[in-house]
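Listed below are the structures to be examined.
What follows is a pair of complexes built around subunit A, which joins subunit B in one and subunit C in the other.
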Partner chain A sequence: MPETSIKSRPVYGTLAPQPGTRHILLADGDGAAAIVDLARAAPPEFFERAHIITAPAAGAMAVRAPLRALAPAVLDETDRLAAALSRLAEVLAGAGMGTRLYVAGTEGTIGQAMQVALDAGVELGAIATEHRGSRARRVQCAHCKTFIDEVTTQPVACSGCGLMLFVRDHYSRRLAAFQGVCVDAEEPGSAPTPEEVFT
Partner chain B sequence: MSAPSIAVRVSEVAAVTPLVKRFRLEPESGGRLPAFSGGAHIAVEMQDGAHRRRNAFSLMGSPSDTTGYVIGVRRHDNGRGGSRYMHERVTPGTMLRIAHPANLFPIDGRARKHLLLAGGIGITPLVAMAEQFARDGQPFELHYAARSPEHAAFADELLERFGPAVHTHFSAQGRRLACASLLAEQPLGTHLYVCGPETLMDEAFASARALGWPEQSLHRERFAAPARGLPFAVRLARSGRRVDVGADQSMLEALEAAGAPVASLCRGGACGQCETRVLACDGTLLHADHYLSAAERGAGGKVMPCVSRFAGRSLTLDL
Partner chain C sequence: MTITFRRETFRDDYNFSNSAVGIRRFPFPFDRDHYMYAVNIEPHVKGHPGTIYESLIDVDEHYVAEMQDRALVLAEDPLRSQSLPHMELAGWDLLELLMEQLAAGYPAHFELRRSGKRWRWVNRPLGIDDTFVFGAASTLPYGPMEYITRQAQGDFCILDQRDGNLWMDAGMVTTQADWSLDFDLGMNFMEWHAPVPRAHEMGVFDRALKFMLNLGQGQPMRRFNWTMTVNPRLDTSPETYPKWGPDRRSVTADNVGDKVHLRVELQSFWRLPRSNAIVFPIRCYLIKLEELVTVPKWARRMHRVLRDLPPDLVDYKGLTRWRPIAVDYLAAFDDGAATSPGIWPD
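Let's turn to the complex of A and B:
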């Protein structure tokens, strides 16, 4: 059941240094390499104004070492996405115009970091994103409003109400989630067998 | 097509500085004028002898008050005559026709803070914005740059009305507005609105971009009064007529005077409403608008008659 992609489907780019007075970079384990790639194009003083926040698997030494080697002004190493996001909110609470945000990793990481940033007043134009790693989606059930992380199948069973949900391309920046809609409402039990599609 | 024009009566004229007058316009038939938002402008029709002009002026009254519109007009003696007409011929009781308000310089209500930067008479749309922010309880700061206090029309009343939110910068007193340092200390979520001389607007935008402000947070007034120029003629392909454009007239005004009106809105090269197809051009189109892209100008197929002119042998428009 493919859905022709729609306007709200996020489009990601490639991280590149932007003019700015302060650079906040957030990456999960998959996204860390995008920061290392950005560093190749960055002017020498870029990391003197940089604050890197890393999440989950970035705890692995293989990912940590190259980020430490960039010698950012601040390096926050957290072990959970939730911790990284609350660190981001704290940092943005005291930030001013000229702050640029760079986010790299899975769609779930990017979406939730953007959600925090938009809440803090960061303009979309000041946020650069790069998708790395799995295509697993964060989905909100349109019926019981439960958020389901790391969704890889189409359709998916809601962990809240149990309905089989069709995962749409329809995306909410406010919720940082794709919309999941009951797929067999007309004929309960007729949902197709879930297939791994967001990998 | 545009909405019909509105008949208004000038109820008050005040000389604010030697060069700036304030006019209050009230509906001829009483009642209310159409609602508007901070940053909006109106076109005022002036019958100046054989010429009918329509000049755009920003509304500077409070958007909460629609019993009348307030405009501030700076006299430009080297201009095409519209501001001189307003200064010399318009008195309390004068009847005028105006177009419905339009806003090409709108407020972004998502901003956490609004930073307003005015240079000289560019203060006018920002006054209406300040009124709107004050009414809605939205944080704002107004910086007003002028040569001296005598050149800063409305500064005293702004200081009185909005107190510490208003900051003046007088270059003659050695206190020139320092865009870069002002922009460097703004909190996240600030939006910038600039109106004034092109040089001020360019400087503010360049400073903001260099500091890393994203485009969505930058706003500037784009319409500008059409400049005087050399007379020229245009040919209208559909009727085969020839229309002469005088030195003090815009092409749009000449077309209107000739009974071949073109739909228009800002009359200052910003909105794109009067875009007209060029069928033949033996000469040079003197584009003066902010609307057509470089590629469109290069292709030579379109012109904005509100501000752009022509030099050469012949110009044929799809009219």
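Let's turn to the complex of A and C:
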């Protein structure tokens, strides 16, 4: 049963400079361009108070160069999303009032960065997001609770228990994941062939 | 009032059933011959002896068996009981509410003695006699919410109120109609209701939330929700769906009266005094169709409601595969006569 967009499904905006004493920006390879676009509208002193953290594909020079050109106060270039997220957690732990967080990239990147930020006590309203790149989803299996990254198909096989999961639109910010529920529980073996839908 | 507790199961051999008295006191939820979502909220006040409203927290003949089933679920999956750190005070509020209600409603079975912060709690049906310090979690074998909800029928959600919304920040959920506490924990009212069809567009949730935010202390409210379940299984969770999903194909014209159950949730809302949180007990009652049709008014009405239920609600409630068989079965008990208003048997 396909679900059209529902109220637990996150909505993303467009990054724009906010008033604040400090700006933390996190982007994956797809999201880096959103920071470059934000820079066009930013006042000159914005990047003097900015800390940019980049993840995976942002390692490509084509992505790095424009971010370096923004001359942020700090630029953390990491090679894995996990590294970027733990860097974010450290930075947020020392961040004071008036800190703004900007996250851009795939849904998986945004969701996990928000999870780190909310755990660190950042208010939902102080986090700006912009979706760029693939619509691949991070899914949690309802049965064995395994998280499956970069899901592009409907249904998808759980990498933990092997069940074929229907990827719902029901989304948990706390878990940074969509819910995956066994698609052929009522008639085992009747799962449809996976199709690429989250691309 | 002394209750004789039935020995029965909600899994494996599924030997659950209702006594004749249990059938008469069943909370049939339909006050008319058709069903649609509505903000069906009324004050939760005591009602007649012999009804489920005799006490505001109802204990019935299934109490002991339900508590055993809950313990089995928790042993397999501890995440069915969760409480975010800021919710412990609300857990104490709930412990107090349930102990007071149980002791007042069923003095033969439950007893609460307080001297200052030192409380003694006696639960005879479950063989519990504990002394603890109110507010000191280390003096109980579990956190306060888990401790008391292992001793109370029905699921419990505790909602924190902030930013003009309610947040599902704690709960004990083992008798649910296919939703997951572990997944929904931390969501707000609109988010955890996201999968429900129609009701958002109808404005039901906007009005319901406003109502809940203004809930006053000492003025509990209630509403019914319902679905239907194949086999008397309390734990129809998303987590265990591969276990119970295949049952939906097992319904036949021969076994439908025994297999298919009307599942009614008496949901109540209570403002908690210290934490200002709201507790939302979701008390689940099951009745086999063959038990239900012994009340002629209910048989007629159940037939009409199920026959005319809109397709999106049929799908959402998970009735699609076997509904025609159940409608045929019920049709034999519907002579077309008019039904009286209200939920009570004639």
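Note that the second predicted complex is superposed on the first by the 198 of 199 C-alpha atoms of A that agree within 3 Å, B and C clash if a C-alpha of one lies under 4 Å from a C-alpha of the other, contacts with A are read in each partner's own complex, and residues count from 1 in each chain.
Following the convention adopted for this analysis, a contact is a pair of C-beta atoms (placed from the backbone, for glycine too) under 8 Å apart; a residue touches a chain by one contact, two chains touch by 3 or more.
Quick caveat: nothing in here was measured; it's all calculated off a predicted structure.
Applying the stated contact rule after C-alpha superposition, one finds that A:121 touches subunit B and leaves subunit C untouched. Looking at the shared chain after the overlay, A:170 reaches subunit C, while subunit B stays out of its contact range.
By the touch criterion defined above, A:21 lies against subunit B but remains apart from subunit C after alignment on the C-alpha atoms of chain A. Number of subunit A residues touched is higher for C, counting subunit B against subunit C. Look at A:95: by the touch rule set out above, it reaches subunit B but stays clear of subunit C.
Looking at subunit A, you'll find no residue that touches subunit B in one structure and subunit C in the other.
Those residues of subunit A that touch subunit B in the shared complex are 18-21, 92, 95-100, 120-126.
Those residues of subunit A lying in contact with subunit C across their complex are 1, 3, 6-9, 140, 142-143, 145, 163, 168-170, 172-175, 179, 181-182, 185-188.
Across the complex, subunit C meets subunit A through its residues 79, 180, 182-187, 190-195, 200, 238-242, 245-246, 248-249, 315, 321. Within the complex, the subunit B residues that touch subunit A are 112, 183-190, 208-217.
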